[in-house]
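What follows are several structures.
In what follows, subunit A forms one complex with subunit B and a second complex with subunit C.
Let's turn to the complex of A and B:
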């Protein structure tokens, strides 16, 4: 009982400050502690016990307990344990010691809690807004329960420009984004450049934050949320779909039938296949090697077709319901999927062989965008970025879910810690995915697709799930609630952590390496913006202004 | 000599360059597409592209629209002037109008036009493109100059027709000529600014650099100048290093010349399709190495080797 062991260790060190604990299963630990010891407990877990920081969650629990709640989640990868340190805060003027001194990776999460829930991280060194725009009025926090989901507050100055930090002496500012050919989605890096060297940067993102978590708490129901969850990301949507379903299943201790678990595994790996092939292509495009870009897209296309055949869509598979899946994989589909895998393997093998020998690509990617083991630990970097630095972590093996405990595969690592190692890791992971899907097809037994749920789901249970997305660990945290929907649902996409490592990765290297360094984490922001309409009869062109679009979208919503 | 001939020949060269340049670009695109398992655009697409851009609204933008316009005109004009100075299947039409030094100046002027364009746009990205272009020019332009000077050393003359006729070899195949040939082949991709040396306009890094504020007719003319540049540089390369067969009687020599240019374009395509872009510091180091070798060749040439 590893969870019990960890709990005893904490009890021995912190004694009565540990109020109570939940050990729902062997892979999960929820510890409720006094607010005063949060920083010490987190420091102990992060430093002495060498756990990996996952995410911090703030929740407005006033309707049920009259208090606010904060959870800091950690992962013990080698011991296969996800642990959550929870504490309750008073309803009036909630504040909590910041842990970002001892756990630098918590920087964003604490700022997000401050913006959205209004819990002040005391002692945080960089208290700039993260999610809310600068024009948002003070003292209003969208994720509080007394804030309506469609409320636009009085005095919200939507056109207020961001207030940026002063660039360091002797540096010019190169604005990178919000729109740039290599950014698929809006995000703004203000680069401080000296000649061609990048000396630092300021990041402003969250320009298209869609408030999906708020919708889930107030509008959607348990089985509607997966459809919304997969729209969080256009590339690894299925990951969020599955992670959410698993987090809820974890909270209510429900196990989907084996066939559903195999189908989830297959779809997740299909998603990894297309995502990695896409990434290798894009990375080549970024460094100007368009031939390989075109070839990997050609090789990738049949993967999209087979996904469409199985689920009806190239993307947004609408795969999960709580307790199972929607789509079955019919016997003839199995044969077709096998054929696709064979062809993919036959075509990808020579490409990888050619890339691994190519000196030209190595010249642009070796020792570029370095994220070493120390940065991985401090910033909580995950996925191929961490594995390329030799950090042997992979949620599929460390926190097994779906059918990953029944298949064999290798966790690919490299030790260059640079962009090149990330290329190598991703290129090789394609073969592991193929291997996993083949084993699933082999081992899958006929059976039901969904577990039967007779009663309403229990209220107030905690659940969490980590899924290895193509970009790294995607982590969801759920508190079940009334009215057939969760009370709180927190999504932590892998880019949330990896992006925090980017400023360190691009510092003191050439501006030309900026795009490939950023590209190497496979960033995933998210998009929607203005549009232009043309009246076909009169040929009149109308460009919609920001204000008009705003009115249009608000009208559509209500 | 009848003064009508240089003018007529000049027109013929300019017309040939203007007509053939988009075709070469079309071949380049088509072959790239085939290498990339794509169908690719029709071979005539560059002509349509130019026509399309020429028909668009002429937008004034950037810091200094006047300089922006001037840079385009100067760029295309310089390239077309170069066309009059290079023998293309028959002796250079404007032979007497200048010497080899003029040729070197004009080649540099083409690069200067890009600098002007970048300065005119005045945005951070175009200035980055400009600084990269400048660095590349400083390291790169001397190479062609050295090649021409080697020719001048071999023939003892700066006259265009004597320098530009495979003169780097003088009589026979001397070491310096062969070294220079190798240097030029290795740097040719950079002269015509294709991958891996399209650093100054790298779309995915600095969004076309100097060209970022260009659109419509001005962009068309700049693109036209770039296409023509590919042909001109190929032509220069052919006259300097592979002159054999150019001296045949008119239609035959002319055809041989353009066939050789096309082969060179195919070579450029092949290299561009199989490489990733270098970083500016990597490129400069590469050029510097080549320049050292080229200067060595010049020394050899002056000793008659």
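Let's turn to the complex of A and C:
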């Protein structure tokens, strides 16, 4: 057992600092260690054992253990293992050595823990607020259990200004976003520009954070969360829905029936199909090639229709509950789905053949937005961004879930590490998805759709699940809890890691390449912020003061 | 040579022709399983409150006016058309309709208010048959959601007292 092996390796090196370990199943490892060695253990796992950093989770565990908890999750992709390093911290003044100078990818996660749970990462070099709004009073942490889900904090200071960093010498600041034609959702990049060259940037996001995790911990119940999880993202919603269900199933050691696993696989691949086609279209649109934008969307449309026929909605499939799925794929639907796939394949092949030879697109995208292997490792980049840099990782193969262990497919990689390679990877992955769905349709047997759950779910179990979303690995971590709801649920969307690579990707390249570089990670700010987006349209040319804007929004509400 | 690929791309477009649908002048029929706005049937509903307890968006309010009358109100604001209410309803009183053009200036157009006759019902919740313990009714008893402000109140009472708990917006977990 690989989990046992890794545990022994850690024991040999750190001995008594390892307090206890859970090996609930092969492929999962939970190690509880003393706070003082967290940094060393993480450095060892990340550097010497060459694991990939996934996410860090902070939790207020005071109601049950009287302590705070922090978990650092890592993935051993080649060995098919997800490992979590957990530690408990005292209730008073909780702090923990920051790991972000040995694991740079942990930068955001640690700041988020500080904002939301109030655990201080000691030694973190850039402790700026990440998630909470600027006016939020200091010392109040919304993910603590003594903070009510609908509490309005006292002393919210609307006038407190965000302090931007100083731009480097000789650079001009060019603001990009929060609203920009090539950003479909709000995020702000403050670009430092020297002439036409971008020398760096500051990112400011989380403008639409809506606290879905808090709701899950205090208001929703186990089987309500999947339907809310799905609304984290408008493009890869089903991914979050499945990942959540799988994380809970992982925690309680429940296996959905095989037919449900096949249906999950099929729907996830249908989602990847529509998402990749959409992305190729948008990428072309960003570089000004609208012909292909139109054609991608046209080819994509039948995929949306078949999803609507199977699940009742073209995008929000409302697919999973814990232990299974809600919708079946009837035999006549199978035939229809096959026909859609055949047509898609026939139409996508000539498009790919044309695009892969199109010099204009190549000129616009080659050597642009470069994220090399080193950046992939340091920032924990995932999905097509990583695969385009030659990093051979794919959760579908590395951490098989649903029915992926029963189908054959290739993991597409490229080695340009640039936007062009990402186009190539995504364009080709469409064919792999078609292959996977065909195999599932072939292999799935009749049977129940949901596992029977007879008792309330056990309390205090840990579970995690990684699902390969169209943009990379989506990772959910769950601690089961009382009152028919999880005690802690942490969502890590792929863009959360990929966005952290953007400053390095756009550095020292033309300002005009910024849009496609950012677009090439297929950013999904909703996922990252865990919220929904609001679209305000006004034709009036007027500079609004903050106060005027506030009055306007208040009026709009009533 | 890039010209060749441009020609190929042009061929793709020409072959496709015109695909834009004449919506909204003409609406496409929706597939049979389509999940549109839920419609409640007052004749079938027994007022068990199972749908209200399992609505992820908290879109269904329950208010006990008196022993005999319970009001069930569907708000139609944040409803995500997920269909869970229809899933769990033991009486099949909820249909996920095919209505999707639900934009309106007056929300009353899509809201539904059911006045349910409850007779001597003690609101014990046993008539709600949950598919699994995960859907069990946590808020049993008499319920007093805030109809005026369209808000859930996260509590219920074992007895129907004179002064109903409508003003109490203090949150109690279960």
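By definition in this document, the second predicted complex is superposed on the first by the 522 of 558 C-alpha atoms of A that agree within 3 Å, B and C clash if a C-alpha of one lies under 4 Å from a C-alpha of the other, contacts with A are read in each partner's own complex, and residues count from 1 in each chain.
FYI, a residue touches a chain if its C-beta (ideal position, glycine included) is under 8 Å from a C-beta of that chain, and two chains touch if they have at least 3 such contacts.
In this text the structure is predicted, and so the values were computed from the model without any measurement.
Chemist: Touch check for A:514: first (subunit B), second (subunit C), both, or neither?
Modeler: The answer is first: A:514 touches subunit B but not subunit C.
Chemist: Answer with first, second, both or neither: which of subunit B and subunit C does A:216 touch in the superposed model?
Modeler: It touches nothing on subunit B or subunit C.
Chemist: Quick check on the superposed pair: does A:360 touch subunit B, subunit C, both, or neither? Answer first, second, both or neither.
Modeler: So A:360 meets both subunit B and subunit C here.
Chemist: Just subunit B (first), just subunit C (second), both, or neither: which does A:298 touch?
Modeler: both
Chemist: Classify the contacts of A:312 with the two partner chains as first (subunit B alone), second (subunit C alone), both, or neither.
Modeler: Only subunit C is touched by A:312; subunit B is not.
Chemist: Classify the contacts of A:267 with the two partner chains as first (subunit B alone), second (subunit C alone), both, or neither.
Modeler: In the superposition, A:267 touches no partner, neither subunit B nor subunit C.
Chemist: Name the contact category of A:290: first (subunit B only), second (subunit C only), both, or neither.
Modeler: So A:290 only meets subunit B here.
Chemist: Which of the two, subunit B or subunit C, is in touch with more residues of subunit A?
Modeler: C
Chemist: Examine A:407 and indicate which partner it touches, taking first as subunit B and second as subunit C; both and neither are also allowed.
Modeler: Neither partner.
Chemist: Touching subunit B in one complex and subunit C in the other: list those residues of subunit A.
Modeler: Common interface on subunit A, subunit B vs subunit C: 291, 294-295, 298, 360.
Chemist: Going by the contact rule at the top, pick out the subunit A residues touching subunit B in the complex.
Modeler: 172-175, 180-182, 196, 284-291, 294-295, 298, 360-361, 363-364, 510-515
Chemist: Using the touch rule from the top, collect the residues of subunit B that touch subunit A in their complex.
Modeler: Going through subunit B, the ones touching subunit A are 32, 35-38, 124-125, 128, 131-132, 195-196, 198-199, 202-207, 273-282.
Chemist: Quick one: in the complex, what on subunit C touches subunit A?
Modeler: Result: residues 1-2, 4-6, 8-13, 16, 19, 30-31, 33-35, 54-58, 80-84, 87, 96, 132-136, 138, 154, 171, 173-174 of subunit C touch subunit A.
Chemist: Give the list of subunit A residues in touch with subunit C in this complex.
Modeler: On the subunit A side, the touching residues are 148-150, 218-225, 227-228, 231, 291-292, 294-295, 298, 301, 305, 308-313, 316, 318, 321-323, 326-327, 347, 350-351, 353-355, 357-360, 452-457, 483-484.
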